[in-house]
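Two complexes follow with chain A in common, the first pairing it with chain B and the second with chain C.
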Partner chain A sequence: MTEVSIEKLTKDYGQGPAVNSISIRIAEGEFISLLGPSGCGKTTTLKMIAGFEDATEGAIRFDGRDVVHVPVEKRDIGMVFQNYALFPHMTVEKNLAFGLEMRKLPKGEIRTRIAKVLDMVQLTGYSERYPRQLSGGQQQRVALARALVIEPKILLLDEPLANLDAKLREEMRVFIRDLQRRVGITTVYVTHDQAEAMTMSDRVVVMFGGRIAQIGTPSDIYERPANLEVAEFVGQVNIIRGKVGNRVVSTAFGDVPVSGDFADGAELMLALRPEAVELLPINSGSTGAPAKVLSSYYSGSLVDYRLELATGAVVNVQTFPRTRFADGEQVLVHAPSDRFWPLGTVA
Partner chain B sequence: MIVPPRKRFGPLLLIAPAAILLGVFLVLPYLNIVVMSFRMPGQGTPYGPGFTLGNYGKFFSDFFYIQQVINTLWIGFLTTFICLVLGYPVAWQLARGASTFRALGYALVLSPLLVGIVIRSYGWTILLGNNGIINRTLTGWGLIDGPLPLMYNALGIIIALVHVFLPFMILPIMSAIQGIDPSLEAAARSLGASKVTSFRRITLPLSLPGIQAGCILVFVLSLSAYVTPSLIGGLRVKTMAVTVVDALIDTFQWPFGSALALMLSVTGAIFVVIFGRLTVMKWKA
Partner chain C sequence: MSKPFFTVYCLIIYAFLLAPIAVVVIASFNAGAFLTFPPQGLSFRWYLVFFNNEVFMRAIRTSLWIATLTMVISGIIGTMAAMFYVTHAGKLKETVRVAMLAPLLLPEVLTAISLLFFVYSVGLGTQNLVGMIVGHVLITLPFVFINVSASMESYDPAWSLAAQSLGAGRFTRFRRIMLPLIKPGVIGGCLFAFIISFDVFTISFMLKGVGMSTLPIQLFDYLRTNFTPEAAAVSTCSIVLTMAVVVISEKVLGLRIHRF
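Here is the complex of A and B:
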């Protein structure tokens, strides 16, 4: 098991930094996701950890040893590529043996390890197949097996599920996460899919424009986003504005107490997730702000509503479809004050 | 399954123009050559009455002709091999190198084909002749006493053939290498292979279809080359193509010339088939 430490890592291709002085400490056996839109520097960061890109500045340490000048083939990494990158002219067995042959392991040992890893990815009996004879999900598992069979220090995955269909993608999330836990290998996972990052990771690193916007557990990132950009990138969010006065923000939902240093009179942005809002019938006698249903979208397990508040602000709400409200109906909206999260003052 | 008639004939209509062209201008003349090779030699006519195996008998009984086939095959092998060795690095560079020089590279690769065949061969005589630039320069520097035999021999023919057939080796290999996903090499590196090992175990075997196509093209073209061997080989070295034309035009032996042409085609085809068998790729669907 290996601890990875990235210190002030920078990559500059000559047109300004693609990765700008980022630092991450990855604990032994931890599963970390680099999450961000395309061009945010997450793939460049992964390539620097792997050794495919030279770092312009900064250090990458595996268990304290700086590997910046170690070539890819000596770094002892296992990598899974977006398109799997299985060798098309080799059978599954030969693909799996490749890394072991490079390590000059004896033939018997190679056979044992391949049998073990094939069992681990549930592909026993497929060793004589060529990659083109396998389905997308099977190819994906061979790619994982090939990366793991060499027992590398760290496992790097570059958007490995992007080419799979939705159902298989969800299965593979669970599969990869379970496998990673069983093997206990330190893992860096690059994705632009926030659901993937949230469900799989111990911690998520959110990146924008070559910088780290936030590092935290999935619930940190979702419930306590560092800024507006993070809040909007990770799931849906309503931005509620209100003036601060006496440590309380007055909003269309009523007064919300805030902790933190905000001057009286400042206009504050609060994040409110759609599922944190409750919808009640207008005549229920409960407290809440009146609102009108603009439209609703039923998706089976959930209903998404677009509502207009008395102030004219539009709010998205997600509820279970137990009670349905019609378009144009008047309702009451209510959100517990602890579900608001301050994102900072309006610039 | 019932196929609507329009659908059934659709593909046929698509290939019909090319099929007719090939049929009229290649298959029919070829059949004519096959028939011609069994005709009796004529006296003042292209062929005489009746059929015979004598034309083939003459070929197999005279070692001169067999030797010529062997010489032609050797020239073909060497031209192909040299084209492969010289062409592969160029193909790799064009496929994987910086894009800035790619357009220039294409132009340079194709340049031999842009020059007319007679002018090109004449250019080689200026360079390779006894009084040519290479020999005069080397003599002038005192490196050699007399002129090196660069022309009117197999060496000269091979040099000139390599020059003109190099594009036919480079282009298919280049396109094969372009079709190899670069992440395969990255994957090999991540598994512990050096750049050289990754080339040897991944890129090279995956570019084999291009190597195969390029080798067959250059080999076949070399065997059938006529103008270059006749201008640069002169009277001393003759390839089969030259001998066939001599038999047809100079000595007016159409049946025997046809037999010679077919023997060249058959031996060439045999080697192409053997080469194809040796380089069969099991992993390709």
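Here is the complex of A and C:
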């Protein structure tokens, strides 16, 4: 197992940095996702870790050894590409054997390792097939097996699920995560899909414009986003504004106590996730702000409402469909004050 | 177009294309003393004359030798050029393509004359095959380039990257991954190079040394003073040889070409 440490890594193609002095410490066996919109530098970062791109500045250390000047083929990485990049003229077995042959392992050992890895990805019996004879999901698993069979120091995945259909994608998320845990390999996973990053990772690195916006566990990222950009990129969020006074923000939902240093009179933005809000009948006698249902979207397990508060602000709310409210109905909305997260003052 | 009409249409086109060849082949079995059609009796008489004609035999050997060398050299240079063109040319892509195809656009006789000047001004002369080979490589290069770059277009660069991530160096990546995958284009291009080189007249005519002769030149020379069916026998052999190259390559390597 390998610890990876990235220090002040920068890539500049000549039109300003694509990756701007980022530092990440990845623990042994940790699963890290680089998450961000396209062009945020996540793929460039991955390519630098792999060695396909030279770093303009900074260091990449595998177990303390700087590998910036080690060529890809000597870096001992396992990489899974977006379109799998299986060799079309080779059978599954030959694809898997390729990396082992490069390492000059004896034939017997190659055979044993291939059998073991095929079992691991549940493709025993497919060794004589050509890639074109496999389904997308099977090709994906061969690509994973090919990367893992060489027992690399680190596993790199570049949006590996982007070409799969929705159902298969969810299955593969679990599959990859389980496999990674069993093998215990340090893993860097690039994706623009926040659900993928959240469900699979130990920690998520959110990137915007070549910089790291936040590093944290999935719940850190979701519940305690570092700023407005992160909050809006990861899941749905309501931005509630209010003036600070005496360590309390007065909002349409009532007074919300805030910790942190905010000057009295400043206008603060608070993040409130749709599922943190409760909806109650208007005559229930509970505390809460009155609101009108604008529209609702039923999706089976959940209902999404758009509500208009008395102040005119629109709030998105997600609830279980146990109690349904009709469009146009008056309701009470309530959110526990600990579900508000301060994002900073309004610029 | 209705189906029977289309069939007839195709038959006419093929007849139009193949009739002259058929005429030559049939005329080569003429038993008479003059190149006429229809032949006066059938025999292998003129084939025997041809096979015993040392001048023609030498010309054939020269042609095969030049065609083989041309194929190898043109194959290597053309493949490398196509690889550069597809993967590394960047902004120069269009320029590289036009430059590579230029020999196709220029009249062959111009290329031949300029090469003749060139080989003499650099002191090579025409007494060795170097000038001739250079000429043949020049005019066959576009065919290798076109074929290889066409098969490179369907080559996913990620295959090379994957091989690299698995520990393969530059040469291994080319030999084990890229070459097998672009092989149909390389083989196709080489076949073109061989056949065109075997067939070309103008360039060979300009760049040949005194007393040296390729098959097309020898045939031309022969027809200036003779009009026997031997010429048809030579042509038929030339056709058979060319077709043999195509058929054999298809049989030996074709299985692999259609593998995926």
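Basically, the second predicted complex is superposed on the first by the 347 of 347 C-alpha atoms of A that agree within 3 Å, B and C clash if a C-alpha of one lies under 4 Å from a C-alpha of the other, contacts with A are read in each partner's own complex, and residues count from 1 in each chain.
To be clear about the criterion, a contact is a pair of C-beta atoms (placed from the backbone, for glycine too) under 8 Å apart; a residue touches a chain by one contact, two chains touch by 3 or more.
Every value quoted in this text rests on a predicted model; they were computed, and no experiment measured them.
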Note to self: Quick check on the chain A-based superposition: chain B and chain C, clash or fit?
What the structure shows: clash
Check: Between chain B (first) and chain C (second), which, if any, makes contact with A:298: first, second, both or neither?
Finding: neither
Check: Once the shared chain is lined up, is A:13 touching chain B (first), chain C (second), both, or neither of them?
Finding: neither
Next item on the list: Quick one: classify A:88 as touching chain B (first), chain C (second), both or neither.
Entry: both
Notebook entry, point to check: Of all the chain A residues, which ones make contact with chain B and with chain C?
Noted result: 50, 52, 72-74, 76-79, 81-83, 85-89, 98-99, 102-103, 130, 132, 146-147, 150
Item checked: Residues on chain B engaged by chain A in the complex (per definition of touch) -> 181, 183-184, 186-194, 197, 201-202, 205-206, 281, 283, 285
Notebook entry, point to check: Considering the complex alone, what residue numbers of chain C touch chain A?
Noted result: 156, 158-159, 161-169, 172, 176-177, 180-181, 259-260
Next item on the list: Would you pull the chain A residues touching chain C in the complex into a rising list?
Entry: 50, 52, 72-74, 76-79, 81-83, 85-89, 98-99, 102-103, 130, 132, 146-147, 150
Note to self: Quick check on the complex: what are the chain A residues that touch chain B?
What the structure shows: 50, 52, 71-74, 76-79, 81-83, 85-90, 98-99, 102-103, 130, 132, 146-147, 150, 156
